[in-house]
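Shared between the two complexes below is chain A, which has chain B as its partner in the first and chain C in the second.
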Partner chain A sequence: MASTAAPPGAVGKSPPRPDGPAKVTGATRYVDDLALPGMWHGATVRCPYPAARLLRLDPAPALAADPEVVVLTARDLPGPNVIQLIADDWPVLAAERVNHACEPVALVAAPTRARALAAAARVVVEAEELPAVLTLDEALRGDPRAGGQQPLVLAACTVERGDVEAGLAGADLIIEGSYETGHQEHIYIETHGAIGIWHGEEAGLEVIGSLQCPYYVHKALVRLFGLPPERVRVRQAPTGGGFGGKEDFPNVICAHAALLSRRCGRPVKIVYDRHEDIIATTKRHPSRVRHRTGVRRDGTLVAQDIEVLLDGGAYVTLSPVVLSRAVLHAGGPYRCPNVRIRGRVLATNTPPNGAFRGFGAPQTQFAAERHMDRIARALGLDPLAIRERNAYRPGDVTPTGQRLDASTNALECLRAAAERTRFRERWRAIERERARGRPDDGQPWQGIGLALVWHGSGFTGDGERRLGARAGVRLLPGGRLEVLAASTDFGQGTSAVFCQLVADAAGVPLEQVQVHEPDTAAVPDSGPTVASRTVMIVGGVLQRAAAQLRARLLAFAAERAGLKAERLRLVGGQVLDPQDRVVASFAELADAYLAAGGEASWIAQHQPPPEIRFDEKTYQGTAYPAYGWCCDVVEVRVDPDTLAVRPERVTIAADVGRAIHPVLCAGQLEGGTLQALAWGYLEEIKLERGRYLNDRLQTYIIPTVLDTPDMETILIENPTPASPSGAKGVGELPMDCGAPAIVAAIENATGIAVHALPASPERLLEARRAGQVVQPQHAGA
Partner chain B sequence: MQEAIAVSDTVRFTVNGEPRCWQGEPMARLLDVLRYELGLTGTKEGCGEGECGACTVLLDGEPVCACLVPMLQCEGRAVQTIEGLGGADRLEPVQRAFVEAGGVQCGACTPGLVLTAWALLQREPRPDRARMREALAGNLCRCTGYERILRALEHTIAARQGGGAPAAGTGEATP
Partner chain C sequence: MSRAFRPRSLQEAVALLGDPELGAVPVAGCTDLMVLDHAMRRSHRAVVDLLGLAELRGIRWAEGGGSAGGPVVEIGAASTFSAIRADPLVRMHLPILAEAAATIGAWQIQNRATIGGNLANASPAADSAPVLLALDAELVLVGPAGERVVPYRSFHLGYRKTLLAPGELIARIRVPVPVPGTRQRFHKVGTRQAQAISKVVLAMCCRREPDGLLRGVRFGVGSVAPVPRRLRGAEQACEGRPAGAATAERAAAAAAAEVHPIDDVRSTAAYRREVLARLVRRMVLELAADAG
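This part shows the complex of A and B:
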């Protein structure tokens, strides 16, 4: 029976995700669904001022009202008052200085959540307000923390290639522009939460959290509690969305829950409600990007001079890495011989900004794409023509000197999306219609716009080499395989894809493979689940481990059968001889192997090829092992009276290398596209005195299904040599593309050129009043 | 008078068909009672103010936000939560379609969306996309971009038509 079963393999198909049934029946238990015996609840005391000197924290009123509660301040920390990330400037609890609104200053625990919140409200916070720096402009004028005369620079970097000044001097035309984007909130539907479980000095500490990076939290707790690594255990609970928001901040909330647990001697859970989640957690960095570009008359780029400014908020968090990615993507997917990109992250007294899907690249590519449209209009070219002329081809060289490989599909994506939507014809028709003048009949204006982006998969530069991600496969009785990886699934479908890759590499049916819960006590450090690295890097490590397992078991089978191992094959869970006769089933073989005392786990480690090198001092070399490419065409309708925008349809053409699970892959592209569109026209955070004003879902608006366009996804598969499966990262790529595409569609519909996000009706009106209006392009190139 | 107070503090209702007699603060949120007293944690809290729909349950068959429903409004009524739909081995067609079509990612919105979708398909056999959008507009999803959720509903409808009689509660009919 099995000998005829030519194994179709799992990769490239879309089997139902293993966590699906539990999720559609409500059986999945997220952090707030867990109740441990004796568990208490934690709450956070926050200081309202954006900058202040703390004078006094008085828990007496809280204790008087409810003597059972526990209150804890910076004085009670067992170790350094530092949230471990890149720099040591982010305190676990502010001790003397408060650097942003709603900064935590004390923690409270009580038997119920209501009592904890009531007690937290009674803790007296006395502070003297200090001058605060609240915007990028104020930061540029000088930050008191840096002496008052200059900005406080949290990170800086520069990429240079060729000679920008000479390039600009030789250009036919120099075009300048400045572009801005604001904060964005992740709005994962499950808010932040963690349970700390202090088992005692000997048994150590356990934390269960809604998080992306178990080993980040592990490192932070080891340092804070001064415990040996093996006495700290971090487990990821099923996580209801992350989008980068659960990369950095879990280091904070997990530390808080753990501190309270140690103090109370019982499990303590902290779960933020939506309001607290918005005011307290990290956001996307606001940006300002300036372009000065030299072009030839035919549209060829000859020089790009780009300056990137990011608002880091109060602390460094992950800003240096965000900036690095922002800078490396700032030129857009375009070849240019002379490039200079200078980037800085400045401190402000606003809550710290951190990781958000795209990690700086959406900000700089919004600017790059808007600038391409500006250049095109200045030269009388259409949006497609300017991009066709300049898009990277295989063999082109990036600003870091990286020669792009054969899997460089900018043009394929551009053409696929444009042809599918008849972009050029329709864009021009609408330009002509605007030129003729439209009847004042209240009918909505149609518009169509396009953007093209690239996104590097994996860590920047030598990050993967330094990390050396480890992951593996364990053999279980009955021939089941268990994936051991610290990569987390917070919706993307990591578990499903890992099972597919391992099943095929080991030669067993998909149903035989399961994934171990990410738990630092049980799985090796595969690195964080960020940077679109999971399928490409960790997936590749798993394939190697599974192949080792397969080879070992075939050798064992050969020994038993008295055959040569090379003559046996493991296919679809059966060991076959050269005549395709079944020698043994994998299940039987596995049991015999385990009974004979064979090793049960195979752990492999990522080893980037030696020729992949990046010099962080000069910013030269291979910035990323592979790049994904994506083109969005967005169609909108704009109400001529209110200027309200309605996205109607989006066509996404993305080069993903190889779609391991096409349905999940498209799901990543579509979800990311909607987040990007919404950042482009809808989502906005307003601040007052450094505090977020729209701090609930009634006021921070994300799209409902009514605001959402129909989406069509075109997957372009051109495998990258950088990963064994050929897959590139896909999680972040769509986040770069949606905003500039919808703003371009709005420009086509209304003639209003938007340079600052979001393109909300009020901003559109403002822009029109300010004369930011483009002339219709009738003739076209 | 004693009695009057006792009556107003007691709420008799059914949860997933089971009669319940609940006593407590009449303004307590149905959401908290379900999650923390009855252990029905499939109903999620995403905002606590009626914006996200993660807390959707069916009250006499109609989708409502359990975070906005005080217990006193439940007197004599039938509450259905996600746990009252098919279990993992007895998925409703729409549940199975959510999994197969890619309508599930992180799952935090899923119980609410599944209930709203199931209630819609109970009432209307063949809603078009516009009608689906209207019905699902109270349920936010941040992961999927909604496209595959709409397709899950379309698949369910197509399977029903292809498979003849609606496969109520059995979960057989899928494309």
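This part shows the complex of A and C:
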């Protein structure tokens, strides 16, 4: 038998992550652990109404009780009252109009956190409540902010291909459906926190925060404080989870801490407790998606007419980008000649929604996948058959006119998961059992369901071209290499993967590579750590920079040895000549090179191939450089009396291109799957007068380890030509798949068809009472 | 600044709590108290720690210990749920109490949470409450005016209101030892598998006489009313009837008709009522399925 020798180099193995020991031993210091000399603590004054006119903010009672405290309002801002993101509608502190419950109206700083909180509670907020728009339905009826007769549309876009009306007219059958999803809270383990350090007008501003995107915060602070960019420095502290939640909101809390610091002339820290974090920070956009689909009798899709509505909350935040990803994924991983997808984000008077793992795609693919099951039932097909018929193959064309490349593995994922679980046989057996009727004796019902999804890696459209991500490698004495990138590790393991890619590209052992702390004063702008772009895009830039370093050092070695550079190789930290004799160690070489005054940093920039283009007006072109594919098969057990659902087993088959670090890769898939399942059946936010009722961990229910099913991950590696390592994004892919799969399994077990998330026992009961019950499928049994 | 006291005897604790100058509150595991303090941003002038009091600990057998004269299992109010779920007497005679204890929070909570705190906190969702109702327990209360014994079923006066007088403590819980052959059932419907507050929690206790008829039927239920309560209608529907489908359906209908649950952040009134009825039905059906 041929031995399966491990490939040379670090990529493809699973070395320990560099941040692991400090985290496991508790040595890692998060924002909440940091104490700077003279540091004060900040707290936020919030207005309780969902919509209001601010009449008066009176700090007098707070100052009377504690004269030392500092209170700051919108009047005290050094620059525009704007949180810099896409639109300029999000105020740093509400000044006249309040647009959502718990909106910040003033900030307080005091020597201790307790005093800051006490003072914040004493600041008098006088406001006149105004009519509020609290749901998508109310928004559709008319928003006072848009004149009262129409919704306030925060973003809109449309994708069109072929002729939808003609396609529908020619279809054997038209099937319609409407699907809804609710808010989701990130529940990163570490809540939001930041320290502002004002060094004076000359020395400028420094901020340390728990965040995903240092350069987003940098840009926001430069604008707010009117400082030259080099006088604003943003540093990422070790960050305990993000899931997208630390993409947009750090712009707010970092601005608040910085404002207080400037006012007090000392460092000021703000850390939210869990309750404040839930009430005040962004959530996943609730959605309503309508499908009208034309099919042939054999299940072939001929036309998809899809309308996507997202609830943006009070302000634009990142909604236009969330919407475009939502729309681009809304058809699901299926070919269809005639497609029209129209999307809008409407404003409501609820806290602004923002980035969350998946970025709109989980919402629209929940709808797409449930709709596929509905179509299958209408045609007497099983869930596997309808997907096998329509799933994208290499060479198929997406609604934006993009021709899919060879790394298109929808079918492979579908078949791998289905075969592993004997899906078809078991799904049918349960349908037959339901058809026969089961004794009403409390015995649990079993169910099995599947979903198939795709997820574009990297920024949507021309985003990467506009950004031109820069990242690099620095050579340190002793031949150590340091990764210079603003991409942050907030638990996903980015640091480990960067070290692997750089080690192999430079030709040095993994132990020689380390990652520089993301710090805008020290690292180039490699872009935000979002959109499943880090390994694929930034990793690729780093590989190029490391290759340049390697070439330069080999040239230097050749010069010294009087050889031609092409004749030398750098392998495992040794420079070898054509006879494999060691010419020099890399460490030695590096020191000599540095001593000779050589350039120590190599920075490369991302350049998408010129043929990759996307037109944001027509929504035509290459929407994403690569797509990940994933199929989940979920097995559940349902208590027939309580309708309580237990996910028992999930089989995940995913094509991620190339697994740079298989353990971390599986970790992303499993963690993302659990988060997706929970969004599907467990996590829920109810609102009352625009306030979240589930505003603590007591009532916002996330899964515990006992709620976590067994998981099996099947990695299908089909390298993408779009990145040097072949890796596609993996961070968000699993988030798209779990919810529709578990709801499908519940449907198989109970016959109850739930079209709104979460499929909680309460909602299952409601749906059953409303007659949302499907006939068991036993044809062809 | 608040003060903390660690009295060495129950008498000393009662004296401290009876002192109006101190304004002290009793604390045991603090698993309810601290959560509420934090949420309400409140603090106390003084606290009196009950966990060190020998008089409030221990689980023992007492012959003729109850008002009814039979043997009882007597449980110190400061017993933790970890101690309760592991206790051989409880496991042997009061299996549904051990079962309920094992569903409270998770291990860390069970190591601190006490049964006295669970009852005194008076949440309608307290998981030990339905069990103690089904088992018809009594409470021994100790206060400035001395000791008194009250049936647990009369302890809750209204939403989070109990008949504890100011300064009065729950000292012990006396559970009559069920006669051999008594059936006990417990079912908790929580929001998830652990660290879950009940949406509905139901306990049942009854005998099946040699003639096949059900006797001494008691249902205790939580989370469907402002207080944990008995299901008298369902009990009557079963009392003296044969176990079986007809009785099960009647008991279920009676249960659904006699509770007035609400919609809240955890669940809906409709769900609670429906699920309560289904669980009552299931428990009665299971009695029939048990041989003998």
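Assume the second predicted complex is superposed on the first by the 772 of 781 C-alpha atoms of A that agree within 3 Å, B and C clash if a C-alpha of one lies under 4 Å from a C-alpha of the other, contacts with A are read in each partner's own complex, and residues count from 1 in each chain.
The rule is simple: a contact is a pair of C-beta atoms (placed from the backbone, for glycine too) under 8 Å apart; a residue touches a chain by one contact, two chains touch by 3 or more.
Given the structure is predicted, the values throughout are model-derived calculations rather than measurements.
Trainee: Look at A:704 in the shared chain and tell me whether it touches chain B only, chain C only, both, or neither; answer first, second, both or neither.
Mentor: both
Trainee: If you stack the two complexes on chain A, which partner ends up touching A:696: first (chain B), second (chain C), both, or neither?
Mentor: Both partners, chain B and chain C.
Trainee: In the superposed arrangement, which partner chain does A:202 touch: chain B (first), chain C (second), both, or neither?
Mentor: neither
Trainee: Just checking: does A:642 make contact with chain B only, chain C only, both, or neither of them? Give me first, second, both or neither.
Mentor: second
Trainee: Quick one: classify A:611 as touching chain B (first), chain C (second), both or neither.
Mentor: neither
Trainee: Going by the contact rule set out at the top, does A:442 touch chain B (first), chain C (second), both, or neither?
Mentor: Only chain C is touched by A:442; chain B is not.
Trainee: Spot which of chain B and chain C makes contact with more residues of chain A, would you?
Mentor: B
Trainee: Based on the A-chain superposition described above, do chain B and chain C contact any of the same residues on chain A, and if so which?
Mentor: In chain A, residues 696, 698, 704-706 are touched by chain B and also by chain C.
Trainee: Tell me, which parts of chain C touch chain A in their complex?
Mentor: 35, 39, 41, 106, 189, 191-197, 200, 265-268, 270-271, 274-275, 278-279, 281-282, 285-286
Trainee: Which residues of chain A touch chain C once you look at their complex with the stated criterion?
Mentor: Against chain C, chain A makes touches at 117, 121, 275, 441-442, 641-644, 646, 682, 686, 693-694, 696, 698-699, 701, 703-707, 761-762, 765-766, 769.
Trainee: Spell out the residues on chain B that touch chain A in their complex, using ranges where they run on.
Mentor: Its residues touching chain A are 35-36, 40-49, 51-52, 54, 81-83, 85-88, 91, 95-96, 98-102, 104-111, 114, 129, 132-134, 136-150.
Trainee: If you look only at chain A, which of its residues touch chain B in the complex?
Mentor: 14, 16-17, 19-30, 32-33, 35, 186-191, 238-243, 273-274, 490-493, 663-664, 666-667, 670-675, 696-698, 702, 704-706, 708, 710-711
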